[in-house]
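Both complexes below contain chain A, partnered by chain B and then by chain C.
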Partner chain A sequence: MNLSVTTHAHHAVVSPEGRLTASGAPRIKQAIKKLIDEGHARIVVDLAQTEFIDSSGLGALIGGLKAARLAEGDLRLAAASDSVKSVLKLTSLDRVLRDYPTVDSAFSDD
Partner chain B sequence: MTENPTKIALKGTAELEFVDEVLTALEGLFASVGDIAEEDRTFFSLAVSEIATNICTHHNMDRPVAVSAELTVTATALRAQFHDDADPADPAVIDLEGATLPEDLAESGRGLAIAKMALDHLSHEVADGHVWTLMKKRRQPR
Partner chain C sequence: MILIRVFAVLAVLTGINYVAWRWLDSLNWDAWWIAVPLVIAETYSLIDTFLFATTMWRAKEREGPESPPAGTVDVFITTYNEPVAMVMATARAAKNIAYPHETFVLDDGNRPEMAAAARAEGLGYITRSEDWTDKPRHAKAGNLNNALFETDGEFLLILDADQIPDPLILHRTLGYFADDEQVALVQTPQWFINVDEADPLGSQAPLFYGPIQQGKDGWNSAFFCGSNAVLRREALMQLGIVGYVRNLQDSTERTLRAAEKLLAREARRNQSVPELHSELKELRLKVAQARTAISDGEPIADVTYGLHTAINEASRRLVKHDLDVMAEDLIAIHALPVQRDAELGAVVIDEVGLDALATRELSPLAAVKSVGALVDALRVDRPDEAQPIQPLATISVTEDMATAMQLHSMGWKSVYHHEILARGLAPEDLQTMLKQRLRWAQGTMQVFLRDNPLAKRGLSAGQRLMYFGTMWSYLAGFAALVYLSAPVFYLSFGVMPVTAWSGDFFARFLPYFLINQLLFLIVARGIRTWRGQQYALALFPVWIRACTSAFANVVFKKPLGFVVTRKDGRVGGALPLREVWPQLTAMALLVIALITGIVRVLMGTADGTGTLVNTVWVAYSLASLSIVIQALRYKGPAAHAEEAEGAP
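Right, the complex of A and B next:
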């Protein structure tokens, strides 16, 4: 998994590329923690290039969501593929990890 | 004429790199066979990832654990079998029957429950190590 992070005026974007599984989960957790420590608690995880996710990847996103909310921010998903969406639905985590069509729309409502 | 392979076997050490190797091999197998529904590919890959990760992260052996995987596609099903040489009592308890999804905000503990939900058959036996058998019936093309 490759990971890129960009920061913007009102949110930060974390983009995992490839498979988000146990081997990559610690890196995304660490990247999210670093963003929050630096004051970026509104985080979009751009899943456009994430071809696969399993429970380790989901756990890292849940950890990031909790940390962002503790810092009075939020963590939202964007551009999930049908495959990733089907895993979110199977696990009922689509109720807590909200997916938006694009990165720009993730925080456009507030 | 060489037929597309419908079976792949891998051997390695029970470390996370092995999970990635298995997922890459599975992708190659799916590409080689060609006509497998996306949902079948996704859910079977998910279950394979969960079980392989469980094998590679839940042993407490002070020696390397050898693990082998056999991935098979037939006309009606996707199958995988994993065999490791960890001691029968390590991990001490694998509660497949009782595996359920934890509360929504839990950060771990979903693996076995997800694998069960994604498959039509999942079993674990202790026999000279551990043997995991996974099967997902293929959706019929519409």
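Right, the complex of A and C next:
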């Protein structure tokens, strides 16, 4: 898994590329923590290049959501591929997190 | 297999034949107070027979996996207070497992000497993270859940601190996961090396780690037993995610419902303050909309985020309003009630003015505060728990059974691999053993009450029966009470629970009883099961206590008092007579009843056949209960061996 992080005026974007599984989970958690520590608590996880995600990957996202909310920010998902969407549905995590169509739309409402 | 099925059917049919006759045709209503409990106990046993027969119906003997072992593995050794030397013996053996893996000591005792020993051997060492401070610890389940987030192996071998693994344990089990990617669990037997042939504490469970697990395996419900098992991380994590979502749905729904009520009440209370009133009414509307949105399928995190923002803004406005009012009031205070008396040079307070201030609905702070509490309650991170995601179930002190049932309900499969691949230590004294059995039984009954398999979605009929069967067997304590007292009443006072000890009785009871025993013999395939049978009856006070305490725990939230099983020998001290007084009392009563009964026959005041039946009955009970005396005198295997050597 490759991980790239970019920061913008109102939010930061974390983009995991490839397979987000148990071995990649600690890295994404750290990246999110670092962003929050630096004051970027509004985070979009861009899943456009994420081919596959397992439950450990989802666990890392929930961990990130917790950290972001505690820092008065939020964590949102965007642009999930069909295979990622199916995992969100299988675990019913789609009942908690919305998959925004694009990174830009994730924080467009506020 | 055919033989087992024939006898299984016969056992149930003869059982129905007997118990139906007992209900319809042989109840002695004159002594209903013992006759009815007895026939209920017999019905209980018949259902037990049915569940046992079902378990054995399609017992599965596996040859071993077809696929070669594959995947990355973490070996977890769980410890709390076991001696460091014992843990390290297990850890070294774990390090020597032939298949590539990483070994971790999960030390819930957070002991520096344990950490040093593990690191000296180059092993991983994990203790609870800071997240757990002041949060429920969930014992062993919590220990494992904590470690799951510190590691990344695809498969997890779980070992108790005393379970020395065979170097081939992973080679023999990992292939099952490759054979079928729906397999989440491979359980191997627990076998104890500190137990001799006599096994007075009944530690070996050859019937359970054998025919019963194989039987459950046939219905795809082999149980997880906490140690000597390999688990698939993905399955556990999935359980954790699904559990998180479910928990969040429940808590959000509950919070929003409470919020709506609270806001309505506060709005009514503050009708005299228009700003506050309209603000609260507005918020109440928003909460109602949020509830509708969630039930319409809008994602919870989004809805609560929006609501959060609205509540925060509202309370900011309210606080500001509050400050404005206070500022005005301060000016008023300054201007009106407090005056300096020119003559006395002292401050005079205008009581009337002050009263006016106090009675004015000055401060909406209370309302703001309760709104603030709502914000806190509407969180998505399970603030009451250390981890939002808890893969291993925490609803019971036996996390293993609860977890396996969750896995099964989500469509995962389990495997029982019948080969001893780890060898451990059993409790060496009666007290420790009793505590361990109590904990198992309590945990099982907690699951029964909190997450009943008969009502649980996602389980197959067979799986429901397999889980229910284990729970049902722990109700045996109540039946035992009846079975022990009925012959005492007959032999001592001639109270008949049946209308007659007639030919009819023998014709119906004996086939049922004999076929049952035969089924047991066939199933056991030469395994010695007498010890288990003895304890099934002899531990009746433990089973009863487990049921009552689990009920009090689940229904009235009374703590169970979690007990960690000691693995390092025995607790010192005098004979634990206090622990087994019910059994000793029962034995005394049975002996007295036996003597009374014989005297009554000799005096010609009692019926010979009835006395004979009841004498045999009492003899069986005494033979079972007598194990308690053996267990009381047991001093552990070391002492046992010395005695044998010292004997001439």
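As a working rule, the second predicted complex is superposed on the first by the 110 of 110 C-alpha atoms of A that agree within 3 Å, B and C clash if a C-alpha of one lies under 4 Å from a C-alpha of the other, contacts with A are read in each partner's own complex, and residues count from 1 in each chain.
In the analysis below, a contact is a pair of C-beta atoms (placed from the backbone, for glycine too) under 8 Å apart; a residue touches a chain by one contact, two chains touch by 3 or more.
What you are looking at is a predicted structure, and each value in this text was computed from that prediction instead of being measured.
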Which superposed partner A:Leu70 touches (first chain B, second chain C, both, neither): second
Touching partner for A:Ser4 - first (chain B), second (chain C), both, neither: neither
Which of chain B and chain C A:Ser105 touches, first, second, both or neither: neither
Touched partner set for A:Gln30, first chain B, second chain C, both or neither: neither
Partner chain(s) touched by A:Arg19 [first = chain B, second = chain C, both, neither]: first
Which of chain B and chain C A:Phe52 touches, first, second, both or neither: first
Set intersection of chain A contacts, chain C complex versus chain B complex: 22-23, 54-56, 58-59, 62-63, 65-66, 90-93, 95-96
Chain B-touching residues of chain A, taken from the complex the two chains share: 19, 21-23, 52, 54-56, 58-60, 62-63, 65-66, 82-83, 86-87, 90-93, 95-96
Residues of chain A defined as touching chain C within the complex: 22-23, 25-26, 54-56, 58-59, 62-63, 65-66, 69-70, 74, 90-98, 110
Contact set on chain B toward chain A in their complex: 16-17, 19-20, 23, 38-39, 41-43, 45-46, 49-50, 53, 56-57, 101, 104-108, 110-111, 114, 117-118
Sites on chain C touched by chain A in the complex: 149, 152-154, 233-234, 237-238, 240-242, 244-246, 248-249, 297-302, 305, 309, 379-381, 388-389
